[in-house]
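Below: one structure in structure tokens.
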Amino acid sequence: MRMTAMAQALTATEAPTDEWDLTAIVEELRQSREIANNIRHRGVVRELPSRDVMARFLEDITAVLFPTHFGRTTLSDDSIDYFVGNSLARALTHLQDQLRRGLQFAPEAHEPAGDPKEKAREITRAFAQELPAVRALLVSDLKAALSGDPAATSIAEILLCYRGITAIIHHRLAHALHRLGASLIARLIADIAHAGTGIDIHPGAEIGESFFIDHGTGVVIGETAIIGKRVRIYQAVTLGAKRFPTSADGTLVKGVPRHPIIEDNVVIYAGATVLGRVTVGRDSVIGGNVWLTHSVPPGSIITQAQAQNS
Amino acid sequence: MRMTAMAQALTATEAPTDEWDLTAIVEELRQSREIANNIRHRGVVRELPSRDVMARFLEDITAVLFPTHFGRTTLSDDSIDYFVGNSLARALTHLQDQLRRGLQFAPEAHEPAGDPKEKAREITRAFAQELPAVRALLVSDLKAALSGDPAATSIAEILLCYRGITAIIHHRLAHALHRLGASLIARLIADIAHAGTGIDIHPGAEIGESFFIDHGTGVVIGETAIIGKRVRIYQAVTLGAKRFPTSADGTLVKGVPRHPIIEDNVVIYAGATVLGRVTVGRDSVIGGNVWLTHSVPPGSIITQAQAQNS
Amino acid sequence: MRMTAMAQALTATEAPTDEWDLTAIVEELRQSREIANNIRHRGVVRELPSRDVMARFLEDITAVLFPTHFGRTTLSDDSIDYFVGNSLARALTHLQDQLRRGLQFAPEAHEPAGDPKEKAREITRAFAQELPAVRALLVSDLKAALSGDPAATSIAEILLCYRGITAIIHHRLAHALHRLGASLIARLIADIAHAGTGIDIHPGAEIGESFFIDHGTGVVIGETAIIGKRVRIYQAVTLGAKRFPTSADGTLVKGVPRHPIIEDNVVIYAGATVLGRVTVGRDSVIGGNVWLTHSVPPGSIITQAQAQNS
Amino acid sequence: MRMTAMAQALTATEAPTDEWDLTAIVEELRQSREIANNIRHRGVVRELPSRDVMARFLEDITAVLFPTHFGRTTLSDDSIDYFVGNSLARALTHLQDQLRRGLQFAPEAHEPAGDPKEKAREITRAFAQELPAVRALLVSDLKAALSGDPAATSIAEILLCYRGITAIIHHRLAHALHRLGASLIARLIADIAHAGTGIDIHPGAEIGESFFIDHGTGVVIGETAIIGKRVRIYQAVTLGAKRFPTSADGTLVKGVPRHPIIEDNVVIYAGATVLGRVTVGRDSVIGGNVWLTHSVPPGSIITQAQAQNS
Amino acid sequence: MRMTAMAQALTATEAPTDEWDLTAIVEELRQSREIANNIRHRGVVRELPSRDVMARFLEDITAVLFPTHFGRTTLSDDSIDYFVGNSLARALTHLQDQLRRGLQFAPEAHEPAGDPKEKAREITRAFAQELPAVRALLVSDLKAALSGDPAATSIAEILLCYRGITAIIHHRLAHALHRLGASLIARLIADIAHAGTGIDIHPGAEIGESFFIDHGTGVVIGETAIIGKRVRIYQAVTLGAKRFPTSADGTLVKGVPRHPIIEDNVVIYAGATVLGRVTVGRDSVIGGNVWLTHSVPPGSIITQAQAQNS
Amino acid sequence: MRMTAMAQALTATEAPTDEWDLTAIVEELRQSREIANNIRHRGVVRELPSRDVMARFLEDITAVLFPTHFGRTTLSDDSIDYFVGNSLARALTHLQDQLRRGLQFAPEAHEPAGDPKEKAREITRAFAQELPAVRALLVSDLKAALSGDPAATSIAEILLCYRGITAIIHHRLAHALHRLGASLIARLIADIAHAGTGIDIHPGAEIGESFFIDHGTGVVIGETAIIGKRVRIYQAVTLGAKRFPTSADGTLVKGVPRHPIIEDNVVIYAGATVLGRVTVGRDSVIGGNVWLTHSVPPGSIITQAQAQNS
């Protein structure tokens, strides 16, 4: 802010009392932003995606997928398609604008070819096409929850009251966007899910049908994890990277497969940790709190040593 | 949606560009809902309970129980009963309507006898009667927190800043409703608590006075767990079912006692896992990260093997 | 509430039907509040700090620190300082009022000398002075995240999508207030962070620059923990107190150092538990799920025993 | 509120200070409501229609009629019908519930035959059928405004910035409901229009196509007025009843024709007052501030005497 | 704002582009406020009353007076007194704070003796005492509307749909406060009513029971007007001051009686203007558009000359 | 909307009951929009300015001009410039976007040369420059109100409680934009003012300093009116066009001077009507309800004939 001579004279005669020293602090913060601790993306200020808009998008899309559960309670057979179509149009409009913003933060290696606006339009269109398939997958997840949890009594209860279902709904949407190249927006959806459920699934993780997470708090699933069909996991399960050996020059190599492959029908109980690019063979059961860093063949049953009376 | 000949002519001559192909997607989603992936509760669309209304109910009831802590800051001795009475009436009105909705999703075995509306009224009335007793229990919990946490400095701090207290307030309300037969609404309250605290207590769990959960993230307490008086547990403790042996025909049996009994004065440290219908005898201490699947007598002290230097 | 004779006559002739028995319940709740379960702070009702106002404060202060990331998207070079100054002034006004309220709940031993209003003003002013330094620390944390997570692609992504960054932003603000004597308000900020991230850091914990928490759900860091520079921790890590031995007269001693000291460059993997006033020497690595209750020298690598095939 | 003995004892020993004497005032107000100044409709409390819901209904219906002007700005050719259909369904749902409430306040003479709920459904359906015709009339009004006001530059300006257009949109909707028997709801819409425009048109008034009100503040058009096509009126014009002669027994007779008939192509300038069941013949011009209580033939030009220099 | 040398250097090297010249405009506006066009009340900045808070107060008080019409629709006989008491307490709390603010703007002649805070408390208490009497007056007004308007069909319709009733509700509240010495707050209520109804009644005007304003837009009633019982007036009636003769030294004398006295049972038709301290005798009728500046005896019927055909 | 064969088959077998016949109505409305009653601006759909955003703009700008009256109540000498600068930046950002939209609806004759976006930027910048001068004018208006109304007691009361002041604040802003070529946005501001005050001033009207409108409801001031300094007008005054003689070919000529010129120091009392391009000479007084269609010399006093006793 430049000051005119007039203003300087004015402030000189006035000797304002600045109780909180606002002016000095504002100036120091500016200096911190612009010089000392500048974190601008490649030196330029860009419009960031909005968490609030994406949260609204998720509400709309969830209502599009399950309108009688998450839409207005007064929907009738006549009006439901208008509701779905209108919510979908609004959601896609929001998405397209947020995608455009997000694409400006792509890492250099994956720089989108051409105009972010055009790219955002393409991704939005492709994403919309996938929604019916996403809904089919989610219904398989709901049915897996109903048959997998003795405490569950109806699909309605599961849709309304299970954090694990919220997490998988958001993940399947985030994963679709991730595969289409919208990594930042996908990550933002994953973080919104994480904040609301305590379940942290990287959008890159590939997850097959009929997936069920019970309780869920503390679950972490890494970027390159691959999970088969009918897998069931419990709270605090980690499917992570085994990172002790760092790479040659000390920096971390990004993007290489480094998380587990979990084959069909596996169950992993609470607190189990599976690390590295290992494979848990189909039909295996991994017990609670188990720490596993090597592959196990199909049909394995892995348990922890028991606690002892001291 | 039926189309008249007029409209078909109109659209024929117009050849609208449908950038996102909305019409086709809306139709596929309808087919998914109605045919391919139909999840209607017993074939009919019913009005689901509303998470937002129940969240508002919890705000009102919490203010009814602790008006000087969660009500308007300007309450005086004169006005406080009007505030309590008005908040209570609004809360019960909301509850009664949500109960009516929720009762339509009861599993067939527990089908409510008679009119859901009448049943909702009965439950609401009975729930209201229990509020003073619930408040007394919660005050015992607050006092347990103050004496159990060296970092706690006042009841006010605990009410305002402890996730564990939020979880137990919500649980005691959910449990009262669960016992009165409102299982879906009770579950919804438990999930709201879970989302806000990372603590997942099934409404069916019975918990005695002076209960304290410290930190709390990742705690899971199952449907048939029974917890005595003056019990203290820490983050990531699981009181779960031991589910390796599945039932005869492959389906899971529902409702049988399958979670632990924790007797009076037990302390369970962070990350401990107790599974199955086992009993932890009174005055026992279960150490951090312990994995326990058998009963232990009163006064036991159970610890984990130490880690080793590699 | 006193009743006039007129009103008593009126109600006598009317015999109102009280479906929910509101009057009796309101009276029982009053008796519970005033007699049976009175929890007033030193016998007097005081104005509690407001969670909503503090949440608004955190939004404002976060935008003050990172205006191009959390402020309006239309900020320009001309307007940004006005935005920062205005948000800062509003935040400090809110803070000062909440501090005044919070100071009335100080434990007797730490009773603030003099007028809470004056004390609140002093703390607010001192807090404002520290903001540029807090920003510098947070930028070091952001850079640590970028270099420490193979999945991270930009500072923008980290600010927008990492729960761990939200937790550390809130902690550095809470810690500044804690050191200035505003313990209740600091605790409230910590609980807001806990509810939104699943990460529970006591405001008293001292944490050096370039700190990174990945995934984060279930992390607990105690009041007297001391963490050096460039430390990295993962989900479900506990830096807690070892509390088995209770104090002489059965009550817990408050305030003494009882949490770990973690020196520079330490990495602690998921689910590890470090308890008591032990020291983890610089450049050590603590493996996942490790349970550690003794000090380890610099450069240690501690791992858990492997699970076994049963 | 009845007081138990316990509560009376409690208040007796406590002698609460009631600064504002709330209890006594609440009791006096109750007595005023129930005895001294009871205004219950036929002795029973009924649910009143909601002004807020009807305001929302008007927003929705206005957007249904002119979606590119009052809907979301991002509507496209693909999404506009979904928007219209969804807004229409929501508006009709709101309307139907409000109609049901309103029908309970019908005067005895016009008591609706049968169930208010069924009657509300019928009116809603019939109202919906009329919307395309209402839109056609409104477009004629817009065109009349564009050709009738030298200051108007576009249809968009008129839709967005003319109080008179808001008034006529609301009137045409209120009139349709009035003719279908929903007099209270129609009146409520008229009052919402009155509050927002200063123009008070009774829903009973019949108004032909291409009607234009310029400026409009203070215009009053009575219940039985009949207005032809292409009529133009200005601010503060009254088309009222001439009420000096009261009816025989001193009470006012309701419902009889008592307001003017204005034929096609008439212009009435600001402040003119036309009273009683008189006819202003087609193509007449009534000058500003004119006071008219007798019929005038087609083609009349009526003016006021000029002011004089004193 | 003072600028440090550092900041000046910073801005010098940066040469920021200030598209809108914000800095210069902000400085000119400051100079305008502080020097050129300073309008501070007696040289000091004071906290103004808040229009929004007073609007909320009016909503609360209106619901207190007519809870079944303006309160929640779910009120029952049990809960209604809690609703009334709670709304009343909140309204009085708001009022007391706004009164305190408003009293600081009293003109010097009417300077409140003593502390504004204490004075605000006294006025609030006295105002609360008058509410039952205000309600009785308002019910007389409602009955006057029902008998005075041939188009009115029920009390409910009048409460819900008549601008004139809104105006008189607000006036009777404003007048009570005006008489208690709260002139600024009373004026603010009158202006809120004016904005919502087009009816401008000065809070000082004294109005007897059973008052009815039909249509109402443009009605103006001056500060010292006195209106008897059962008076009925129509839109655009002015009861004003006759101000052609200015006072001796050119300044306007304030506070002297200068508006009309309207005795019982008078009817004044639309657009009539009565100016100066004249008396309209009881049972008189003043015709539409009449201009009256002298007193008329009881039973007078005053009409305007007829318009003429030109 | 096109229907695929699949969907047609689906609906054929289903025979959905369409209670409100939504589909047919939506189609008729589309036909009405696109064919029968198409009102698109030059055949294209364009983004209209938003009334809500402009209302927000007016709140911001009013707070910029009078921050201690319309800004936060907690502003201090330190923070006020940040508040002003931030509100100004937000207001100008909103304005610029709305101007861009509005410029697309310009009539062909006044088509803006070049890009609407660039033109919007220019107008915004020029508008900002004028704000200090606008403030000076408004302070002259406030002082005129204080000296002109015997009931006014302070500048604060006038700013807070006078509809006439709200109208003139909005007019001076609208007029500045009108002169800069933003006619639609200016008109929208005028209509917002009209809706809130009952005062309808066309943005084109030129009004000198120290202007005062008392009561104001029903005031209309036309597009080409010119008003001198220190003019005072009352409710229901019209400064309009005399439109009886229509132009040659039957269409109305737009833009020519057709409203009165009011010279300095004129007072016009309630209900007076001045029509046509006449001049009211300086220091004249126009009495209430006067009808004036010819010029009068300086110093004239014009009154209406008195009413008569019938």
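In order of appearance the chains are A, B, C, D, E and F, and numbering begins at 1 in each one.
In this text, a contact is a pair of C-beta atoms (placed from the backbone, for glycine too) under 8 Å apart; a residue touches a chain by one contact, two chains touch by 3 or more.
Given the structure is predicted, the values throughout are model-derived calculations rather than measurements.
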| item | value |
| --- | --- |
| Interchain contact steps from subunit D to subunit E (minimum; 1 if touching) | 1 |
| Partner chains shared by subunit A and subunit E (touch criterion as defined above) | B, C, D, F |
| Most distant chain from subunit C, judged by the mean position of its C-alpha atoms | D |
| Type of subunit D:subunit F copy interface by residue overlap (half), same or different | different |
| Averaged-CA centre spacing for the pair subunit D and subunit A, given as whole angstrom | 50 |
| Distance from subunit D to subunit C - Cα centre to Cα centre, in angstrom | 54 |
| Rounded Å distance between subunit A and subunit B, as computed from the means of their C-alpha atoms | 24 |
| In subunit A, residues with contacts to at least two other chains | 1, 16, 18-20, 22-23, 26-27, 30-31, 76, 78-79, 81-82, 84-85, 88-89, 198, 217-218, 236, 271, 289, 301, 304-305 |
| Subunit D to subunit F touching residues, read off their complex | 64-65, 67-69, 73, 80-81, 84-85, 88-89, 92, 121, 124-125, 128-129, 131-132, 135-136, 139, 142, 147-151, 153-157, 160-163, 196-198, 215-218, 235-236, 270-271, 285, 288-289, 301, 304-310 |
| Residue numbers on subunit F that touch subunit C, as the complex places them | 72, 74-76, 78-79, 81-90, 93 |
| Subunit A partner contacts - residues on subunit F that touch it in the complex | 16-20, 22-23, 26, 76-79, 82 |
| Parts of subunit E lying in touch with subunit F, wherever the complex brings them together | 1, 19-23, 25-33, 36-37, 39-41, 45-51, 105-107, 183-184, 187-188, 190-191, 194-195, 198-200, 202, 204, 217-218, 220, 222-223, 236, 238, 240-241, 244, 251-255, 258, 271, 273, 275, 287, 289-293, 296, 300-305 |
